[in-house]
Every structure is written in C-alpha cells, then in structure tokens.
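Next up: some structures, all given as structure tokens.
You will see two complexes here that share chain A, one where it goes with chain B and one where it goes with chain C.
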Partner chain A sequence: MTAAVEFQNVSRHFGTVRAVDGVDLTIAEGSFFAMLGPSGSGKTTCLRLISGFEKPTGGTIRIFGEDVSSTPPHLRNVNTVFQDYALFPHLNVRDNVAYGLMVKGMGRAARYAKAEEMLALVHLDAYGDRKPAQLSGGQRQRVALARALVNEPRVLLLDEPLGALDLKLREAMQDELKALQKRLGLTFVFVTHDQHEALSMADSLAVFNEGRIAQIGTPQDIYDRPATRFVADFVGSSNVLPPDLTRAMGGPPEWASLRPEATRLAPTGPVRGTVTALRYLGSGTRVVISMGETDVAALVPAGQPVPDEGETTAIAFDQAALHLMGPA
Partner chain B sequence: MTTASAILPARGLADHLTAVFWRHPRVLLALLLTPPLLWLGVVYLGSLAALLLQSFYSIDEFSGVVKEEFTLKTYGELLRPSNFDILVRTVTMAALVTLACAILAFPIAYYAARYAKGHWKAAFYLGVMLPLWSSYLVKVYAWKLILAKEGILGWAAERTHTSWIIDGLLSIPGLEGSSLSTSPIGTFAVFVYIWLPYMILPMQAALERVPNSMLEASADLGATRAQTLRTVILPLALPGVIAGSIFTFSLTLGDYIIPQIIGNSANFIGMAVYQLQGTAGNIPLAAAFAVVPIAIMLIYLAIARRMGAFDAL
Partner chain C sequence: MLSDRSPFSLRAAAVGGLLFLHLPILLIFLYAFTTEERSFQFPPPGLTTQWFGVAWNDRPDIWPPLWLSLKVATIATAIALVLGTLVAAAMTRTAFFGREQISLLILLPIALPGVITGMALRSAFGVMDIPFSVWTIVLGHATFCIVIVYNNAVARLRRLSGGIMEASADLGANAFQTFRHVLLPNMGSALLAGGMLAFALSFDEVIVTIFTAGSGAEAKTLPIWMLDELIRPRQRPVTNVVAIVVFAATFLPILAAYYLTRGGSETAGMGK
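Entry: the complex of A and B
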C-alpha cells in the first residue's frame, strides 16, 4: 500500500534557522496522524510543506507516491483547516464552503447542493446564509472543516484547529473529528501542541523537537515507552529519573521514565523523600515527593490515605514500569 | 501585617478629577466631544447649510444683486449647455483620474502591504509621502515644464525617435494641444500624479488587513492567482479602494489650479466656482456648482454601498 504522505530526509531552513531538519516520515493512508511538539519545533512547517505553502530546502515529499516538489498548492489534492479558520468574511457560509468548487468552475446549483451536503455533515444545515462574523468559534471551525472537505481531498491537514475553542467545545469537537475521520476513511494530519489531544485522537503520532522527529509511534508506544527524555517530559506527566536515581530504585544507571499512576506510596523503600506538593485531581491525588535534586510524582487513587505536605515517604512500583531511555 | 487603609489618600486635583470621571463616565466623554462637535456642527455643517441655502437664491440679471427668495432657477442654469459642459468635463476627468490612480496604486499598495518589511516599509512610506511635503504649486509648475514641448519628455521622445507617440496622442480629437502641457492629457497626468498618494495609503491599509492565511486558503482550495485576486483580494480591499477613490474623485472635482495651469484652459467646476464668486459675483450659481460634487459623492457612496463595497468592514 502506498503511503498517503512520505517525507524523505526533508529539510526547511529559514536563513540559519533549521525549522525542519532531515525529517523522515511515513503517514499511512486512512490514518489519523498527529504531529505533536512545542511551538517552534517544526510541526506546522511540516504541515505547510505538505500543503505546498513552504518549499523544502532539501529532501523529497511524496503524496500518494507522487513527488510534489514542483506542484503548487492549488494543484495539490490536499486541503487545510487553518488555525485561524481563514474564512472569507465577505462571503456567506454557503459560498465559503462552495468556494473550492466555484474556482473549479462548477455551476451554482451543483456547488450549492454539494455545499449544503457538507454543511449537513458538520451539523450546520441552517447556517448557509450567515456571514462568518455571525457565527461562534465552534461554528466557524465547522465551516472551515466543511470548506476543506468539499473538494474531497485525499489528505486533510488540520493546523491546531481546536486551539481557539474552550475546553468543553474542544472535547466535543475532538470526538466529532475522530468520528468524521472514521466515517470518511480519509487521511487526517493533525498538528497540535496539546499532548492529551494528540494521544487521545491519533492512530499514530510524531513528536517534534527542534526541527527533528524525536519519536514516532502509536500513542501507547509514546506514552509508555518514550524514546528520549524530551519525549517523556513533553508527552506525559511522566517522571524523568536521572541515572543515579534509577540505580537507587533498583535499575541500571540510565535515564528512565516512571509514570505516576504506576507508583504507590510505601512506608519504607530504597529511596525516601519529602512531600512538597499535593494536587487534588478528582480521580485521585497527585503527590510530589522531593528526592534529592529530582521531584517524583506519585498518584494516590481516590479513597486512599494522602500524606500531608512535609511528611517523609517512600514509593514502590513494579520494576517493569521503569522504562529506560536514551539521554537525548 | 501593615495597617494601611483600604482607601488610599487622594494626592491632589488629578486624583479627584479621575475619581469624578470614574463615577460619571459621561462627563469626560462630554468634555472631550463638545469642542469638536461644535466645530463640526457650526463651522463645518453650518457653512455647508449656508452654501446649500445660497444655491436656492438667484441673482437679478440687471442689478447683479442676490435675490433672497427660494427658487430653482439657479439650478436650472446649471443645465445650460455652457455650464453643463463644465459638469460633464469635470466628472469625466475625475472618474478617469480615479480609475488610473486605482490601477497604478494597486501594485504599489499590494507590495507595501504584503512584502515590504523594515527598511523597505519605511522607504515606501517616505516615497509615497515625500511628494506631499513639497508645495503643490511647485509640483504643478514642475510638471508644466516636464510636459512642455521643449521639456524633458519631448526631448527624450525626440532622442528615442518616439515623438510620433506624443504627436499621435495630441491629434486625438478632444485631446488636441500644441504640447502635452496644453492638452487635457497633461491635465489628466498631473491630476493622477498629485492625487496618487491619497489612493495608495487607504488601499495599502485595507490590503494590510487581509490575513495571509486567507490567500493561502484560497490557493489551498484550488484557486489560481487570478481567481484569488478577483474573489478574495479585491473584495476585501474594496473598502480601501472606495476610501481612496473618495479622495481622488472629490479632490479632482473641486480642484481649480491644475486645469488653470496645465491643459487647454477649458473650464472645470472649481474654476467656474472661483470665477463666479469672484469676478462675476454670482454667489448663487457658484453655490449651485459647489453642490454638484457633494451630490455626486453621495450618489457614488450610495451605489458603492448597494454593491456591497462595505460588507467586509
């Protein structure tokens, strides 16, 4: 099966800044692929390389096996949901959605019929006559989605599309996007800096750091077995243990990650520390224990006794939960 | 713990005044708005009303005295062929100048809004504004020399054996003249030069407000550059174009110096007003002439609004 999108050693430099630096990437057809990373890590540039708004400094980009190096954006069969939605303010919702068909020369009746179909898909049937300014943020987001889908692209690119929405709406849209992607069987490439969003929505994801991919894999892989300290730090609320602490906890002298929910408090243990902070999370309490130079978080499930700040405690865990990783 | 009071002591008049304005927000607004409203209401609109009133008076043809009685006779005089010619000539010139300014200004404004950064942006503003800082009369007379038969343009045409272009232009019926500086073409060129900055600046401001992502969205959806220009950039820049055209159109409608110095001395509205209120002493007819540009601008704005020029605001 050909990959929907393939990067071979792709770079994009702006002067001396290496926004994207030697990225290899394969996105399977029909998958929900997330690009996760802090701002400035190169994830958005990668998305713009796919849509054609950036030209690679080096390397090859293929979309469904075809080299798109010399293909301008308007001839690429991919569409984008922009971060700021970029709806045309002078056109009503129907004309916004029908825009892609209009520039391809489709007649008014046919394109309006198709636009209405797309609006129904995003539950905005009755909003065709409104101007974008008369819609809420969530509704604009749906219009942008309908507009990007109307051309029936082979890959849909989403640039932090949920960033501007409030939490509740964001969660609803996450479910809706995921359902839509399954229903259409389309390849979605989704850029986000929100690790929860990436983990909960993606079939596979790439974690970006300073223009390079730090790790690529399924959400499970990345959460349970982070390849580097950066990934562990960025993706999870995971504890990152320096080599001496790993050894003190019974492992080899290497960097390791340890998830808070895999730990429990114990009266005695090899390493003890002082409780410095408590955070009530509803489903449990996150207890931060200062162990020398490192803070280690443990999750105490609801209903179990929680220590007070300043108390001394130790932690216990299965050795299998200790995941060793590279130093980078 | 300190025992500071919850309310800090007022330090002086400024504190008291700020407190008054906080308790009565409208007081500050009224203080700020009264002088400009008076200026606008009395000096500006008041004089305009007086002008309108004058245009409904007429002049006694024998004594030359203004009869202060309501009549439409003066407006009727506007329709006399010699006067009506002036109106048609002025409006045609203003429309052509506006069109030429819009076409010339667009690439400049587009470059400045989308591509110019840092020093280039400063250079753009300087380049557009600099001509506005020198005297209008100096510029017009400079153009008279440039366009004269022995001027630099004629000289260059002669050297490059392209004089036939100028001669050809000057032989077009209605545009005749012994040189460009005595032809309506010269009047047109100088109008365009003088008013161009007033078109560039609002256009640039409008184009600057079009986010880049909107152009990308258009290309992303399959539009060519020409389609993006027609369906996204121009509609969104239209309020700026209209704002600029209000300047170029109304300034051309009212100007009386350029057509006096450059061109074939055919009368324009401004010149007619100047002569009527001065030597001829026919204030009512001068007022009626002056009402014409106002009426035209109101009609123009109504049409622009009807066409949706302000929908993107």
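Entry: the complex of A and C
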C-alpha cells in the first residue's frame, strides 16, 4: 500500500535555524496521525511542508507516491484547517464552504448543494447565510472543517484546530473529529502541543523536538516505552529516573521511566523517601515522594490508605514496569 | 480625576478656532450671491442668484479649465490606483532589505513641499526634452496621488490576516483567483477611498500644476483659472459660483472616503 504522506530526510532551514532537520516519516492512508511537540519543535513547519506553504531545503516529500517537493499549494490534493480558521470575512458561511468548488469552476447550484451537505455534516445546516463574524469560535472551527472537507482531499491537515476552544468544547470536538475521520476513512494529520489530545485521538504519532522526530509510534508505544527522556517528560506524567536511582531500585545504571500507576507504596524497599505532596484525582491519589534529588510520583488507587505529608515511605513495582531509555 | 465637562475657556477657544477655519468658506458661498461684482464687500449690498445663470450661459471660458481638471484628476487617479496598490502589496507581502527606507521614499512626495516636487519634475522634463502637455500635469499629480492610494491600501493590507490568502491557495485558487475573490473584495472600500481622496487632491492642486503645465490655454486647470479671475475685476461672483462647484467636487468624495474607511473594520481583519 502506498503511504499517504512520506518524508525522506526532509529539512527546512531558515538561515541558521533548523526548523525541520532530517525528518523521515511515513503516514499510512486512512490513519489519524498526530504531530506532537512543544512550540518551535518543527511540527507546524512539517505540516506546512505537506500543504506546500514551505519548500524543503533538502529531502523529498511524497503524497500518495507522487513527489510534490516543488508543487505549489493550490495544485496539491490536500486541504488545511488553519489554527486561526482563516475564514473569508467578506463571504457568508455557504460561500466560504463552496469556495474551493467555485475556484475549480463548479456551477452555483451544484456547489451550494455540496456546501449545504458539508454544513449538515458539521451540524451547521441553518447557518449558511451568516457571516463568519456572527459565529462563535466553535462554529467557525466547524465551518473551517467543512470548507476543507468539501474538496474531498485525500489528506486533511489540521493545525492545532482546537487550540482556541474552551475545554468542554475541545473535548466534544475531539470526539467528533475522531468519529468523522473514521466515517470518511480519510487520512488526518493533526498538529498539537497537547499530549492528551495526541494520545487519545491518534492512531500513531510523532513526537518532535528541536526540528527532529524524537519518537514515532502508537500512543501506547510512546506512553509505555518513551525512547528518550524528552519524550517521557513531554508526553506523560511518567517518572524519569536518573541512572543512580534506577540502579538503587534494582535496574541497570541507565535513565529509566516509571509510570506512577505501575507503582504501589510499600513500608520498606531499597529506596525510601519523604512524602512532599498529595493530589486527590478522584480515581486515586497522586503521592509525590522526594528521593534524594528526584521526585517520584506514585498513584494510590481510591480506597487504599494514603500517607500524610512528611511521612517516610518506599515504593514497589514490577521490574518489567521499569522502562530503560537511551542516554539522550 | 477629570471632570466630564471641559472648562468654558477651552470650549470657547475650540469654537473660536473652528469658526476661524470655517467662516471664510461660508463667506465664499455668500459672495456667490452678492450683487456687487467688482469687489467683495461685507455685508453684501444685495443678494441675487443671477451669477449661476451667468456662469452657465455666458462664460464659455469656464468649461475648458473644468474639463482639463477633471481629465487630469481622472487619469492621475487611475495611474495611482494601479501603481499604489502594487507598491502596497509589495511592501506588505515580504520583508526585504531596505524596506523601511523604500517606504519612506514612497511617502516623500507628499511630505515634500509642492515647490520642490514641482521644480524637480520641471527640470527632469527639461533634461529629458519632454514638452509640457496635459501628460506632464498628469505625471506631476500622479506622484502624490500614488502616495494617497498606497497609504490606504497598505493600512488595509496590514489589517487583513495573511491567513486568508494562504487559505485561498490551499483551497485550490491560483494567484489571480486569490486576487479576484479574496484580496480585491477585502480591499475594495480602501481603494475607493484612496482613489476619491487622490481625485480630490489632484482636482484642486495648484503648485505642482504651475511647475509642470507650461503656458498656454491647455495649461490652465480650474484652480489656476480661478486665481486669474480674482485678479480681474469682472463678474467676480462667477468665480465664487465655480468655487462652490469645486467645493462639491472635492468635499463630497472626501466625505465618502471617510465613511468608507470608517466601516472598514467590519470587512477586514476578522479572520479570527
């Protein structure tokens, strides 16, 4: 099967700034692919390399096998949902959605029919005559989505599309986007700096750091087996243990990650520490234990006894839960 | 803490200043109706509307300068609309070395005194052996008309979110389609306003015109004709009648331009 999007050693340098530096990635057709990373890590530049607004300074980009490295944006069969939506302020919602069909020369009646169909898909049937300024943030987001989807792109690019929405709306849209992607069978490439969003929505994801991909894999791969300290730090609430602490806990002297939910409190153990903070989470309590230089979090399930702050305790865990990482 | 009402002295000064600026304009209107034709005396000895008839029927010398002014203003505005918009697009689209300096150079014609612009153009025409004609006047006026259009266009382009241009390309529009369907509709009112302002400025321009017009009948624009008329003690109120026409021809476009750009925030920059 041809990959929907393929990067081979792609770089985008701005002068001395290496926004994207030697990236290889393959996005399978029909998958929900997330690019996760802090701001400035190169994820948005990667998206703009796919849409064509950035040209690679090196490497090859293929969309469905075709080398598009020098194809201008308007000739690529991909569409973007922009971070600030970028709706046309002078056009009403219907004309906004029909824009892509209009510039391709489709007649008024046909393109309006398609536009209404798309508006129904995003539950905005009754809003065709409104101007973008008359819509709420969530509604504009849906219009931007409909405007991109009406062109039947083979790949839909989403640049932090939920960043401007409040939490409740964002969660509702996450579910809706995921359902839509499944139903349409389209390839979605989703840029976000929100690790929960990436983990919960994506089939596979790439974690970006300083223009390079730190790790690429399924959400579970990345959550359970972070390849580097950066990934462990950025993606999860995982404990990152320095080599001496790993050794003290019975592992080899290497950096390791340990998920709080894989640990339990024990009266005795190789390393003891002082409880410095407690956070009640509903499903359990997160207990932070200071072990020398490092704070280690453990999750105590609901219903089990919770120590007081200042008490001394140790933790126990299966050795298998200790995930060793590379030096970086 | 500031009080809601300003002191009486400040208000009196403001009213006085406004009267000083605008009463003379009312006087021009008033003298169009005076019965005294040799000199302007206040109060007018009597009021009549006969000068409107005289200007319309008995003064064929009014029409050539009026047509000349309209022609020059129209062509200069048309040139300014094209070049001013292009320059504005170039200045906002990309950052390049020396952009701020070039921006200053573009604004210079309107900052420089008219005599300097006039002298520079006149000597340039001389060096290049270009004979004075309607076209030299048009060129002279275009120098400052471009600035007016440029200023309006650049302000609007800066407020437009650049994202909508990218969105248009992303949806499959080529550069021309983006210009036609996205850029132009969002700039329309700014260009209309700039064009009207440029037209009004060109229509009553005197200094640059004198330097670039040579002599002879084809060189006499309406403002210059009016200046000549005031020196001659003959049917003076006719000049005031023409002044009212000039006032209408320049003030109304400026007023329209003001209203057009004031509502601009509704069409521009609402991408978010």
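List of remarks:
One rule holds for everything that comes next: the second predicted complex is superposed on the first by the 328 of 328 C-alpha atoms of A that agree within 3 Å, B and C clash if a C-alpha of one lies under 4 Å from a C-alpha of the other, contacts with A are read in each partner's own complex, and residues count from 1 in each chain.
As a working rule, a residue touches a chain if its C-beta (ideal position, glycine included) is under 8 Å from a C-beta of that chain, and two chains touch if they have at least 3 such contacts.
Everything numeric in this text was worked out from a predicted model, so none of it was measured.
For the composite obtained by overlaying on chain A, chain B and chain C cannot both be accommodated without a clash.
Of the two partner chains, chain C is the only one touched by A:Pro132; chain B is not. Of the two partner chains placed by superposition, A:Val191 touches none, neither chain B nor chain C. Touch criterion not met for A:Leu265: it reaches neither chain B nor chain C. Using the contact criterion defined above for the overlaid structures, shared-chain residue A:His74 touches chain B and also reaches chain C.
In the superposition on chain A, contact is made by A:Phe53 with both chain B and chain C. With both structures placed on the common chain, the touch criterion links A:Pro89 to chain B and to chain C.
Chain A residues in contact with chain B (one complex) as well as with chain C (other complex) are 51, 53, 72-75, 79-80, 82, 84, 86-90, 99-100, 102-104, 147-148, 151. On the chain B side of its complex with chain A, the touching residues are 211, 213-214, 216-224, 227, 231-232, 235-236, 308, 311-312.
Those residues of chain A whose C-beta lies close enough to touch chain B in the complex are 51-53, 72-75, 78-80, 82-84, 86-90, 99-100, 102-104, 147-148, 151. Chain A makes touch with chain C in their complex at residues 51, 53, 72-75, 79-80, 82, 84-90, 99-100, 102-104, 132-133, 147-148, 151. Residues 161, 163-164, 166-174, 177, 181-182, 185-186, 266-272 of chain C touch chain A in their complex.
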